[in-house]
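Same chain, two partners: chain A is paired with chain B first, then with chain C.
Let's look at the complex of A and B:
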């Protein structure tokens, strides 16, 4: 008897907590179907239900809302920077994990110190450097911002490669394989899980990034923006009453691809983070 | 430290040996970099070296020299525009752009440094070739040299591209940032219309002084304290919360643990900027939570006990400094716990079960087990990432900026004078100083200070990950 009561309390607590965690998400979802465009301040659920917000998002672009365009911009930026940064990370991880050369430890220490310097702080300088090259407000500039420094984030991937047994590459070396062959034929196929992790992480970063996009895409032309900047702009003081429901619809739509990727990544997520932090 | 000095000593000693003992071709290589290769019939290598040298000279004369000449003053010719009424065109004089001079000079210095290293290693390589020839060893053809780049020297091939990226995106900006901290680059000194120049340590002094006109010292102290408070609170609440949540869900007595976990993870799937902006509207002064609180009488209750100023008809969740700080921490808990729960779940599953079992047999209660076994284990495994999280929270831009931008207005005149707000972290302060007020000099100084703070904290993890490196253990 006592046990059942305890069990009920336990699950009630969990229920309460999950309600707390889900209320804002639920609000986002239901408001995206609201017939009223502004914030409904008196009712949680909308009074009239409609699909019009989604229609406006995709079919009626105006000077404020260019959702298909933003989606495309973000997708292009994310796709390219994901490919480039994955390649860079793999190159650095392999070098640091599997090759031995004088100065390797020194280089690793240096990269860790350098990585401590938060990107947010040097973004003004990055902005000016890209501006002198004429790359602000362009896809190329954003791709550079997201991927150029990716080589520094090699620690987790290196930690994974450290666990791949050296006997394989030793055997290959005896057969006459060069380092390049070992890299492409042995290490890369064996690193699949961590590659998936790196790819998805690199792909998700531009979707979630706000700071750099806000700084770099400052032309004020809606067609240049990424999803994050576009949605942020909808909640400006003068817009919020006309676009809040549309913002919610946009938030729901962007969550779909991200959750799909996240489900795939979840498996690697726990492994990757803990593994990398233990082994350094 | 001593090892480092020895290494540097050896580096230059080798160079000395190479030049002193080298034959005429090695000596000639000090002037014409390809000479040593031509002598050993490595014609292509020789041509490449010569081309590099020519390129460097051209860069020096055409690019580095004119910029470095103005580096001391950062330019003297003011921008002037003359309008000619006859031709209806305006002509611009040949003005100096201080920022471009600064940037180009730093790039030039960097190129010169890299070339110097390259030049020295070239001399050593040429000397090695001479020795090989004297000993009758095989000298590589160009094709063989290329092949070594995919074998013994594969690390050079692999690291070149990432290194260039890191130099452009990380090292160069940091150097520029440090340089700007010593100039008077701000809204009154904006290139191309105006020049800026070196001011020494003035900006650093400004950051630590509080006077009637300069309130940076006052703001800096306040914001630094809040930044540290925030980082401690944010890190520990989510860390402990995540562990407790993970334990609670993974407990044997909990039915359907997977379902519960998924419910919490849903909130991660929506991007942070969407949830944060949403929650901001949720808790707005005339938002839905306030409507609810007023209708159930909670607002009046808070007014009666003095937590809400009596002249307000709403709860100032994100507009009153005290309320906003508490709300930011709470909202961050909401954001952070699901992540931490995921990580903690992974670690908790690996706790050796027999330890807990034997403790239970010895009569330890669940709390004792948690404090004496689970927590030490968790801390051991996730300790380094805890410090990383702490540093990340010092720079947690998103939560603060997205929750309070356009919403929070400070009423503290002294803070407002230096463009700061009570709820600002050093990073958001820095961001607004640059993005809204163009005060680049102070932003750079703050950037350097934040770096020093983060570096101090990370040094702990740093020594652990590098010195206690167990990379060979698993191989």
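Let's look at the complex of A and C:
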């Protein structure tokens, strides 16, 4: 009896928490089907339902809402940043974890400290440096900014690689494998879970970034924007009453690539178990 | 993942700070560069032309027309290669501006233009422009309250000469004051309707009812409807205090002088409390208002021309607008004041095609364009001739604005005004829940408003 009561209380708490978490998302989702374009605070569920917001988003871009274009821009930026950052992180982690060279400890501490400074602090400096190179308002500039410092965030990945037994790489070395062979043939196949983690993180950061994008893409030209800036712009004072439900639709659609990436990557989480690779 | 969220939050917090810092540093940079800005102007043959023509045009008005067209032909002759320009117009103005840009290209078809149109709201133009003046658009629209900061930062080219029409002679006096700093004209007036007034549903109120706010509340109460105003917004709450004769002015250094806590101040605060205590006169943001008007809950509201369409759609033939009503302060009727505002078009002195940018700014604001803008979007023209046309005069919203103009003051206020005024508005609109002594409340507010600029 006592057990049942405890369990009920536990579940009530969980229910409450899940409601608190889910309500905003649910609201966003249902509002994206609203027939009324503005923000309507007097009803939770829209009074009229329509798919028109999604149609407008994709099929009828106007001079300020260029969603397909934003989506493509963001995707290109995020995809390239993701590839470059992942490669950088893996290379740095491997070097720090599996090789020994003078100054390694110092270099590690230095990069960790450097990585602790929030990137936004250097935002203005970065902006002016890129401006002198003519890279503001350019997606190439954005990719550079997002992926340049990625190597500093090696700590978690290195920690994972440390758990891969050194006897594996030593054995490979004895067989005459080069560092590249060890990296590609031994470490990478064993590091799948952390690669997944790195890829998702490296994709998410530019995909959802607003701050740098807003600073860098300042031409005001809608076709240059990323989704984050575009959606933000749709909430402007003069726009919100005509675009709010379209904004919600945009917010729902933006979750698709992330979810897809996660679903694809998730199976590697399960597969990548290092145990059993070393034979006693 | 949690860390990510934390990092994001941190990043957001930092950005707020960084952006604020960014605005300041950027504002200083161009100021230092201001003399340098003169250099391109002198080098560009296009820019030289109008400046050279000015004295001639000023001294001999008869010769103005040929001189001006000479200036344009010189400009065309001096242009080699395509003219690249960026124009910023507000989101709602995109369609109309696109049309104007096409007309502009057609008019000067000898020249190849590469004009990019960007979206930047007039109300936020200053922030974006000052972030990096050099990267800002060549021609941009902004609200007149930003002009001091823009001029200080060297983001506006002084209008020293005209190509196609005399800016100073064609626009209403108020708009020219708004476009000038220290007697020098820095921008081209575009619209003269950036103020607020009273919209109402004439099936609920008679023309007599809307003269006094107390009467309106009574009528709306009987009808079971609401009257809305964005009281918790400095821009609107100003109407009460200014209406009661209390002052708020801008000092030369960007700080404010404010006498809202002087004698009579508490009466105004009490009046606002009394008005809102009815539950009929409610504090409501602009977005909410749009919904509530459409749903028929709000039958009168204090708002500007941008809300005209919503009100017209909802109320149909009963749509009406008038000046703001009076309200009772210590038993005496006071006329509510308001801010009047203008939207202006400015030219960036860093423009590579300064001459063309100025010509384009003129084109976007000439009588024809202002008329067209009224027809397309219902915006009140700043051009005297366009404003005098019958169509403009018979527009209820513009007429109401004209009526209110007698009680309106131009918006000249420093940045420290907004958040203390907003807090005051929130407290008063919610009925002073803590029961703070009104004098103390006003003293705190005024202290915030008049705080020195660091």
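We adopt the following convention: the second predicted complex is superposed on the first by the 249 of 280 C-alpha atoms of A that agree within 3 Å, B and C clash if a C-alpha of one lies under 4 Å from a C-alpha of the other, contacts with A are read in each partner's own complex, and residues count from 1 in each chain.
We adopt the following convention: a residue touches a chain if its C-beta (ideal position, glycine included) is under 8 Å from a C-beta of that chain, and two chains touch if they have at least 3 such contacts.
Treat the numbers as computed from the prediction; the structure is a model and nothing was measured.
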item: Overlay on chain A: chain C relative to chain B, clash or fit; value: clash
item: First, second, both or neither for A:11, with chain B first and chain C second; value: first
item: Chain B versus chain C as contact partner of A:135, first or second or both or neither; value: neither
item: Partner chain in contact with A:239 - chain B first, chain C second, else both or neither; value: second
item: First (chain B), second (chain C), both or neither touched by A:231; value: first
item: Which partner, chain B or chain C, touches more chain A residues; value: B
item: Touched partner set for A:216, first chain B, second chain C, both or neither; value: neither
item: A:39 touches, of chain B and chain C: first, second, both or neither?; value: both
item: First (chain B), second (chain C), both or neither touched by A:62; value: second
item: Contacts of A:255 with chain B and chain C, given as first, second, both or neither; value: first
item: First (chain B), second (chain C), both or neither touched by A:121; value: both
item: Residue range of chain C overlapping chain B upon superposition on chain A, of 5-13, 329-337 or 383-391; value: 5-13
item: Residues of chain A that lie at the interface with chain B and also at the interface with chain C; value: 39-42, 118-121, 123-124, 211, 215, 236-237, 240, 244
item: Of chain C, residues touching chain A in the complex; value: 4, 10-12, 14-15, 18, 21-22, 25, 86, 88, 90-92, 94-95, 98, 116-121, 123-124, 128, 131-132, 134-137, 286-288, 290-292, 294-295, 306, 310
item: Chain A residues touching chain C - in the complex, by the definition given at the top; value: 36, 38-42, 62-64, 118-121, 123-124, 127, 131, 136-137, 201, 204, 211, 215, 218-222, 233, 236-241, 244
item: Of all residues in chain B, those that touch chain A in their complex; value: 99-100, 103, 147, 150-152, 154-155, 157-159, 161-163, 165-166, 168-174, 176-177, 180, 245, 248-249, 251, 253-255, 260, 263-275, 277-282, 284, 286-288, 290-291, 334, 338, 342-343, 345-347, 381-382, 384-385, 388, 391, 395, 397-398, 401-402, 406, 427, 430-431, 434-435, 440, 443-444, 447, 450-451, 454-455, 458, 462, 464-466, 468-471, 474-475
item: Chain B-touching residues of chain A, taken from the complex the two chains share; value: 6-7, 10-11, 13-14, 17-18, 20-22, 24-25, 27-28, 39-44, 88, 91-92, 94-95, 97, 99, 101, 104-105, 108-109, 111-114, 116-126, 128-129, 132, 144-145, 147-152, 155, 158, 162-166, 178-180, 183, 207-208, 210-211, 214-215, 228, 231-232, 235-237, 240, 244, 247-248, 250-251, 254-255, 258-259, 262, 266, 269-271, 273-274, 277-280
